[in-house]
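There are two complexes below, and they share subunit A, which is joined by subunit B in the first and by subunit C in the second.
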Partner chain A sequence: MLLLQLLINGIQLGALYALTAGGFSLIFGATRIFHFAHGAAFMIAGYAFYEIYDKLHLPWYLALIVSALVTVAFGVLLDRLVYTPIKRHENSFFTLFAGAFGVGIIVQNMIGFFFGRGFVAISTPLSKGVPLLPGLYVSPLAGIAVVVALLAFFGLHAFLSRSHTGMALRALADSPELVRAYGMSPQKLSQTAFALGSLLVVPAAILSGASAGLNPSVGSHVMLISLAATIVGGVGSLRGAAFAGLLLGLAESLALAWFSSQWSEAVVFVVLFLFILFRPSGFFGRALVH
Partner chain B sequence: MTWTRHLAAAFAAGAVLGASAARADDLKIGALLPMSGPNAEYGQTFGAGADLSVQHVNADHVLTQKLVLTYEDSQALPMQGVLGMNKLVNVYQTPFVLTGFTGVSKAIAPLARRNQTVAVNGGGVGPDLAQLGPYFWNVIPLANSEVRAIVPYLVNERKLKRFVLIYVDDPLGQSINQELAQDLPPAGGQLAASFAVPAGSQQFGGVVARVRDANPDLIFIASYGAQQSQIVKQLRDNGVSQQIASYSAFSIPAINALPEAKGALYTTQRFDWNAKDMLTQRFVTDYTQKYGRKPTAYAANYYNAVRLFAILAAQLERDGKPVTGANLLAERQRLQHFDLVGGSVSFDAQGTVRAPIQVNQIDGAGGTVVSTR
Partner chain C sequence: MFAYLLNLSVLICVNAILAMTLNFLMGYAGIFSLAHAVFFGVGAYTAAFVSMHFSDSLFVCTAAAMIISGALSLALALPALRVRGEYFVAASLGLQMLAVTVFSEWRSVTGGLGGITNIPAVKVFGVPIETANGFFALGVGYLIAVALIIVVLLRSSFGRNLQAIRDSESAAYALGKNVSAIKTLSVVVSAALASSAGVVYTFYLSFINVEGFTLDLSVLLMAMVIIGGTGSLLGPIVGAALLMLLPAGLSFVPGLPQAEVGLVQQAVYGLVMVLLMIYRPGGIVGGGSRKLAASAAVKGAR
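And now, the complex of A and B:
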């Protein structure tokens, strides 16, 4: 029963990791920007929902819409106001990373200033586990996390493979000039990538905020997992990030069945290390959005 | 345009020089507290008590100079703590530094000893903080005292025998693990299982499954900051309804406001907020007025730490001696007893306060004292 419980916990955790990693991977795959502020987008989404739903007591769907709008606006504005000027001047990977890192720190401190530096949780009865079998508790949030992740990935996959914008996004990383030759704007496509990547993090942030709570420093953990899943999945592969997120969540949870509890997070990085050693291109090899 | 710039630069330089001149007359002490990161809530709570104390010392003109608290952010990390301590000691030359957290305290203690700067801890409770030398003082009882106080209460009065411990994998958590393993059998209890979690860990679904599998009477949590709230929430969300207990790290607003933590027991040093002495009354009244909430044991500890400095420095001023770390230490050893919030206290030979412990229960309204040890 313990193993089954850990398996279900792992699937729930993996679904959330897949959503956060998928957003990061989509942005990195299309723009080649190491968007360290992806963790900040996660925090903005979670805290916006918490403020509107828990503090202002407005309906959840309104909180969801506002949270999504604020997070997408953050991603798009960051691209327009921070990354685009840097790209225009020198386009150095490290300068872009430093800019993203700085924004992440600023957002973390602003959230601490406005919402307090302590722990908060989105209160919902959906986070309460119900006994399905003796010793097996599953919360409705676990099912919601899996369904949302599946819908998000199938929807995004359809968009990227069937729409002109989606196909252009896939081409953007390799050849912005080719994209421009076809009459499309690389800058607008970059903003689309940021909008979609930021949108993907919204359900993950809300579901995490309800199941594990939020604090202003949660973003760095989100980034670590996103980065690990992106590498394990294959840099730039959305499908790879999704599978890798699920794998890392399962590994973190199932490790508890055989190892001491302090090793559960280390297992994530053991998996990462093994992939770097034996399959450096990750699950789905090539550095493009598939 | 050029003249405007020159004027602005001259004005800025004048303002800086003026401010520096004013500050040169101040008596600075340091506060090396976590102001960012997952434990920043502690820094806010610690600083709230210390700031109020500085305000009272200055309002009462206890010292001839204005007392100023200079903050450095430790982030509750040893490396950041050492950087901050170096700045406080070498740049600001503070003779007295407030600190907290076991790891940070252990990291800065050699600097305090080498520079003869008094470091006072009001938040870290690792038992080995008692062994950090004459320049390291604790105005908080340490974890071993807290565990020794709560174990007999839980086993004998609450009839909770089978314990499971979830502890952060650092010196503090490890020391509580050792203390419980040592204290439970003689008291008639049993430590059925211990689960170490990494300091940055945020997901505990798997650990909760293992806890439920161990079928304990009580879950003891030895963590701090946002992590302990996450553990409590995830325990309750995943169907673990047994009694929760902890140590003084639960003495923060976030835990007290967490619905899932209601009913949890935790220890702090004994403070009677209704005590009739003027000092306690003033602290409670002004703290509640200033921050809009009841004070916590942590806030009182840091209030007391600053007040302790003021008492010692005032005596040194009266004796015509400079306010240095060495003189502060000599004066503390000479005076022995100090009137602080909560009553008269003394220090043991190693510089740790002697204080009774109380067991508190979270009730969502600031807590209730259920036992005094």
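And now, the complex of A and C:
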């Protein structure tokens, strides 16, 4: 029964990881920007929802819309005001990474400044566990997380494979020059990638704010997990990121059956480390180009 | 006030050693490690363990710290040989997170979350170092020693090979350089030297716990190197001094609540990092661009 409970918790956690990892993977795959501030977008989404829903007592759909708008604006503005100038000046992995890291630090500390360093939780009756079987508690949030993740991934998959913009986004990953030659703007496409990628973290942030709570350092934890999932799944593969996010969530949760909870995060990083050593291209990734 | 400045100077020396050794990897070998605090921690824990169980001689403690840290750094060298760029950063991050878990859970050696207290005074030729002045001398001495070792290494054929690999791995390989051995050696040297900072830190505070060796420090060290200027000898020292003095400076700004100083400081680091990446990716000491700084460093080492 314990294992079943951990399995269900793991699926819920995995669905949330899959959403954030999907966003990171989409951005990284299309623009090659190591968007370390993705965790910051997660925090902004979660805290914006908390502020409007819990503090101002406005209806949840309003909070959801505002949270989504703020997060998307953050992603797009970051691309325009930070990444683009850095790219123009000196386009290297390292400068972009350091810039993103700086933004992550700023956001984490601003949130600590305004909301305090402790945990806050988005209060909702949905997070309360319902006994399904004797000794097995499942909250409606778990179901919501899985459904939202599935919808998001099917929607995104359809968008990337059917729509014109989606195809252009995939082309951008392969060759920005060719995209330009076909009369499309890599700049605009890059912003689209940031908007979509940031949008994906909104449900993840809100759901984890309701189930586990938020604190200013949650963002970097989430960021590390989505980074791990992107690499384990294979860079540039949305399917891989989703699958690996689920896998890491399960690993983190199931590890509790054998190790104490302090080791659960370490388990994720052992998985990551082994993947980088033995299969750097991940599950679904293309062969690694040096 | 003098005691405060002396305390700050010792900590600047410790951080400058760390930043310099990290710069050895980042600026000269092209390896961007987010696990540098691990080797600082390994050095600190080893020194504490050795001094409590075997010998309180500074030389024994330092040698033990350097050997263990150098040996453990092979765990970092392994991914450095297999992957580059984002992948390596991710691997080093994984290592950092693992190390923090080990530091906080291996209670018999590291004392768990509570850390190790009552570390005995360290002795140099039988004379114990106890005063702040003594530790200042020790810190400066180690800093100079590490700087000299790095300068000598960079001027040797090893250093030139290293920079050749950073600029083009394939070209170095084509010239018959043993890329794997050179990279591995650079990681081992950097980790071993970084552990010496851990030794100074341990005996200076006579108390260590896992808080001092987390990802935050690794990031801070990276910030010191970036802000000071990668690929220059003086850059990391300037960066370390600047980032250590910033908290001190900010605590004198009127109207800032004392409890929030840490948060504001961190946010300022972040802001400085972003602005530098946009306007001056070579850092303060480095040239206008990282490539310029790198080529200047190559010229300087010739």
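We adopt the following convention: the second predicted complex is superposed on the first by the 283 of 290 C-alpha atoms of A that agree within 3 Å, B and C clash if a C-alpha of one lies under 4 Å from a C-alpha of the other, contacts with A are read in each partner's own complex, and residues count from 1 in each chain.
Following the convention adopted for this analysis, contacts are C-beta pairs under 8 Å (C-beta built on N, C-alpha and C of every residue); 3 or more make two chains touch, one makes a residue touch a chain.
Just so it is clear, the model here is predicted, and its values are computed rather than measured.
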item: Fit or clash between subunit C and subunit B when superposed on subunit A; value: clash
item: Contacts of A:269 with subunit B and subunit C, given as first, second, both or neither; value: second
item: Touched partner set for A:89, first subunit B, second subunit C, both or neither; value: second
item: Which of subunit B and subunit C A:59 touches, first, second, both or neither; value: neither
item: Contacts of A:112 with subunit B and subunit C, given as first, second, both or neither; value: both
item: First (subunit B), second (subunit C), both or neither touched by A:99; value: second
item: Subunit B versus subunit C as contact partner of A:155, first or second or both or neither; value: neither
item: First, second, both or neither for A:253, with subunit B first and subunit C second; value: first
item: Colliding stretch - subunit B into subunit C, listed as 73-81, 253-261 or 289-297; value: 73-81
item: Residues of subunit A contacting subunit B in one complex and subunit C in the other; value: 108-109, 112, 262, 265-266
item: Of all residues in subunit C, those that touch subunit A in their complex; value: 32, 78-79, 82-91, 93-95, 97-98, 101-102, 104-105, 169, 215, 219, 222-223, 226, 260, 263-264, 266-267, 269-274, 277-279, 281, 289-291
item: Interface residues, subunit A side, partner subunit C - complex; value: 28, 34, 82, 85-86, 89-90, 92-99, 101-106, 108-110, 112-113, 220, 224, 227-228, 231, 235, 262-263, 265-266, 269-270, 272-273, 276-277, 280, 288, 290
item: Parts of subunit B lying in touch with subunit A, wherever the complex brings them together; value: 36-38, 40-41, 43-44, 169, 195-198, 200-207, 209-210, 212-213, 225-226, 229-230, 233-234, 237-239, 252-254, 258-259
item: Subunit A - residues contacting subunit B, complex; value: 2, 5-6, 9-10, 12-13, 108-109, 112, 116-121, 123, 127-129, 131, 135, 137, 139, 211-213, 215-218, 221, 252-256, 260-262, 264-266
